[in-house]
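Right, I'll just put the structure down here and ask away after.
We just call them A, B, C and D in the order they show up, numbering each chain from 1.
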Amino acid sequence: MIRVAITGASGLVGECLTRVLVDHPAAEVTYVGSRSSAGRDIADVVPSLKGQISLACRESDAKEIAAAADVAILAHKSAESLELTPKLLDAGVRVIDIGGEFRLKDPALYKRWYGQDHTATVLLAEAVYGLPELHREQIRTARLVANPGCYPTSVVLGLAPLLKAGLIQRDGIHIASSSGLTGAGRTGARAFIDVNEDMRPYALGGHKHVPEMEQELGAAAGGRVTVTFVPHLIPLNRGILSTMFARPARLADAAELHATLARAYAGEPFVRVREGGGDVCIANVRGTNFCDVAVDLSESTETVIVTSALDNMLKGAATQAIQNLNVMFGLDEATGIRGVRGS
Amino acid sequence: MIRVAITGASGLVGECLTRVLVDHPAAEVTYVGSRSSAGRDIADVVPSLKGQISLACRESDAKEIAAAADVAILAHKSAESLELTPKLLDAGVRVIDIGGEFRLKDPALYKRWYGQDHTATVLLAEAVYGLPELHREQIRTARLVANPGCYPTSVVLGLAPLLKAGLIQRDGIHIASSSGLTGAGRTGARAFIDVNEDMRPYALGGHKHVPEMEQELGAAAGGRVTVTFVPHLIPLNRGILSTMFARPARLADAAELHATLARAYAGEPFVRVREGGGDVCIANVRGTNFCDVAVDLSESTETVIVTSALDNMLKGAATQAIQNLNVMFGLDEATGIRGVRGS
Amino acid sequence: MIRVAITGASGLVGECLTRVLVDHPAAEVTYVGSRSSAGRDIADVVPSLKGQISLACRESDAKEIAAAADVAILAHKSAESLELTPKLLDAGVRVIDIGGEFRLKDPALYKRWYGQDHTATVLLAEAVYGLPELHREQIRTARLVANPGCYPTSVVLGLAPLLKAGLIQRDGIHIASSSGLTGAGRTGARAFIDVNEDMRPYALGGHKHVPEMEQELGAAAGGRVTVTFVPHLIPLNRGILSTMFARPARLADAAELHATLARAYAGEPFVRVREGGGDVCIANVRGTNFCDVAVDLSESTETVIVTSALDNMLKGAATQAIQNLNVMFGLDEATGIRGVRGS
Amino acid sequence: MIRVAITGASGLVGECLTRVLVDHPAAEVTYVGSRSSAGRDIADVVPSLKGQISLACRESDAKEIAAAADVAILAHKSAESLELTPKLLDAGVRVIDIGGEFRLKDPALYKRWYGQDHTATVLLAEAVYGLPELHREQIRTARLVANPGCYPTSVVLGLAPLLKAGLIQRDGIHIASSSGLTGAGRTGARAFIDVNEDMRPYALGGHKHVPEMEQELGAAAGGRVTVTFVPHLIPLNRGILSTMFARPARLADAAELHATLARAYAGEPFVRVREGGGDVCIANVRGTNFCDVAVDLSESTETVIVTSALDNMLKGAATQAIQNLNVMFGLDEATGIRGVRGS
């Protein structure tokens, strides 16, 4: 059994990780870190976990983790991982960071969007962006995997194949994404009466996921890509739907666009290419590790429309981390996460 | 008291109309038409109306309506109004049609998007598009007002001033709109378990509200305007949020964009120009006749972002009809609809 | 025009009061008190009010209120009204208190359930419990009206006629009530992700609305009544549904039970007696001042089941206060609140 | 691997069963029956299943099932299982019936509540009521297991230990249960706009789950038990919360009541006894096979209040069936269903 440490275990993503790993046939949670709940049993801190696991929360000490685990999944939101990650790697623990600290290759972008200096820049070159569909081979042997953001996962999986194939232009990409309320975690939670029966855009001045999208899309395109991104809050717990508008780079019909996506994801266990016309929706991916994508063409306005959907807590966070874990440890990539539950 | 007939009175919009008119100080409902419920009391057909009104439903006969009412608000969805409207006008009844039969000036577009021939084309020139913010003077004396569609109201109010001022380009406009489930009415209702905790796009092949948007935006711009429009369903009862992307037509900063909207709607009782940055949301307009709009500028990608929100059953249908009624009959435009309730 | 002061104007109930009064034909808001927002325009504090009212918030000073208003509706949650109410009455301002300070006739019960001494006990005898269906005549001339709690309104209207008629026993009454999230106001708001897709009981150790129910039911019954009351939170904004079980006091069939309710509320503008069997629901009362009630009889277990529903922000708070205001000032009781909007 | 056939595979419960079994380490779905979709791949019929399973739907023929499977889980709603079950048993296939056909021991009760004659009465004596917490030993060797109804599971687990211990009286039990909308399945689905932001009671004239509750509670109590049961619809997808009122049978304090539940479920993998006071809620059980229960005592009214919660699609249907399957085939009872996902 692969021994897994989870930090930030009392948060929403930590809760999801624990829930899924409880039934994982080749991995088990052996350490739960939660600074705010140190000393308490995680099943008392997170009531839904009662009866599934019983472990005392620890302060996320690197040496302790090294003694208890083969791999650490960092699910705390803060920049604490800048400090913890080097120590864990030095101690021989492989790391999957669900926070955003190791996603951007350019420390200047990190400083601009995350508001602080990056203090572990030496690891940036080594860190692998953990989108298995794009970087599977590097993930296999990675010591440090930067688990992608939820919005970027939905956007990059939708657009990368079309940019790589040269079918859409690299600028003028407009993205309207909508997320359920778990996206902000427990600490950023908003009151029910403020968001129920409501929808609202936010971060119109710029969102820190934009440089991450542009980095990965640029890599796929082989050149600079820019996107205009507007996220929205919608009154549901889990799920992201992204609707993306792009201008064709050359003449292509709807069939070629679809075929390009289908080819890109043939054999992929967790990306489903839908027919378009409205087949992509949150309901079909809720409670799963799938990202569903489709492409439509508005012929009258010559606009390519890509839609994608995923569960922000799963493919956007927890189960994508387990997918990476499976890849890192040579397991079948779908081990323990193929099923769909609770949706 | 202005005597008002409502057809389609047992539908969702009919229900809203009745509810609002019950407290209107200068108008009263004197006739309710409902083919499916003819002979029954409307308060038995629509349980929430019990204790507020008691009127037997009729079959929406023009002569009967003429005897009972000064104005008819047609709230049935079908093309029945093509037949009924000429008879009502002949009988001296003014008409506000909430359906789409008299919105498009071009009968060829009507045939293409509504799937049938227009059989009252002679009235198309006379019909006034009932967006008071654009056509108030014509509405005052109109015999026939075509109440705007819900999506077009949100889109046209957001973009028209910027197009008129030449601040954004007339093509390359991308619109992602989201609507609550009342948008489809009772007959198009979807199961709770299919849409709760879900969001999905639809009508990716084209929506019949597009020509309506292009007609009104083109008129504002003084030239052909095209839009790419993707509607979505979101799990709430009422409300539309539209997020619109456009390319600047000339150099303008965020302040000028905002000022252009603010000038356009200065003195308007039911359009509120918000500051941008996320101030526009469904919660603030739910249960009201307001349309909130804002404009943001993404400087890095040189993209203008307009957001707008309204209650699809009210400013998108019922209370916009009453706003038109107030204008047509010389009342204060906000009579009976300034308040905000039940949201 | 009756001049109305609202304190706690930036709270949820204050917002509702303002929204409804904006369209009231015989009353107008002339003073808005909000300690936390003193000096700011209420329309800036509560974004939905923009375009409907423009008044600077004040610190709720009794002299200021007396200069500006004929009646004050106190919508703040705290015990501040214990201090303010005597001053207002002295200054000649009639008072409708939406908080719980003047509902319980017994100051010992107040201390036990509200956790503090009652400092204006001299007013308890004078205060009229503001349920017009039970105390209309006293309300007409009252200086001080104690607007009922939301749960008690639903419970008392459902059970009082049956107790008064001696049809059900005075003990062994079991009540399961469920409320939407607005019940706790802005300050007690809970996070969306904690309550969406959830239902939970609370206050199993006792709820401060119980003595209020027992007081009013006892008065109706002419003897001591006790109830076991379990409130629940349900994932919706507005509405209370109460399901009440009671043992028959004497042989009565379903028809007699129904007839008893029907007689009790014949002519009442805002209580609708439904047929039973599931006709009572939140949807039919949302956005209205109605309370719907029904009675069913389980013959096999000889149990009377009463169900009732109301909108906790309206009949449970704001519009019940306006109903009282209408009664106090000799207006038609339904003035400005008969209509149903925004639901 | 245990080979499992699922009938009614395109229904909501069938979908859940498939999702869970896809990750079950000792069982696999080898046959999917769906009369309405015969010939089509189940992953095309149920879009969320794409990428997880690919099997052509069959017409649920007993011989075919016998050739493909060791056990059949019948998840269709109709009485079809009356015909299918005897054939499956004759062919050597063990059966878990999720419908209600084999729960009631008394065929007269079946006829009264299900509206038809029972045509396989010979099997009623053999069928084991599949609540492992009460009938585990019989389930181990059963050929035919009648999976409990969702409401009865929540009620029986809450009350049985207290009745068995003689702590509460056998009559005068009042139950208010609330269920999410999946309870009615796809075929009984209600429109979003009719139930969102609503709560309503139904089946006030009697619900077919009542005799099932009374049968199992009576068996636990060792004598006749009667209950008054009012179910409600609440606006969420999944979950049941039951609030139960009972009169004490003898003097007992809150601690003894709690201890009785705790003893009854000590060692049970899927019943969690909570502390009371509001700890039981749907959120903690959603997406799991757990039933949470708690007991409170209202001392002032001498009333015992039991609350219980479960996920109606899981412990109320699909994963309880798998729990039974695990027991029947000698597996660890929690195999593949301990985890909590997607909630």
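Throughout what follows, a contact is a pair of C-beta atoms (placed from the backbone, for glycine too) under 8 Å apart; a residue touches a chain by one contact, two chains touch by 3 or more.
Every value quoted in this text rests on a predicted model; they were computed, and no experiment measured them.
Considering every other chain in turn, the ones in contact with both chain A and chain B prove to be C, D.
Of the two chain pairs examined here, A-C and C-D, it is C-D that is joined by more C-beta pairs in contact. Computed from the mean C-alpha positions, the centre of chain A lies at a distance of 35 Å from the centre of chain D. The mean-CA centres of chain A and chain C are about 47 angstrom from one another, to the nearest whole unit.
Centroids built from CA atoms put chain D at 39 Å from chain C.
In chain A, 194-197, 235-238, 283, 286, 343 are the positions where the chain touches two or more neighbouring chains simultaneously. By the touch rule above, chain A contacts chain C in their complex via residues 12, 181-182, 186, 189-197, 235-237.
The part of chain B that touches chain A in the complex is made up of residues 171-172, 174, 176, 178, 180, 194-206, 226-228, 230, 232, 234-239, 241, 243, 245, 247, 276-278, 280-283, 286, 296, 298, 300-301, 303, 305, 307, 309, 343. Contact residues on chain A toward chain D in their complex (touch as defined above): 16, 19-23, 25, 47-52, 197, 238, 269-270, 272, 279, 283-288, 290, 311, 314, 336-343.
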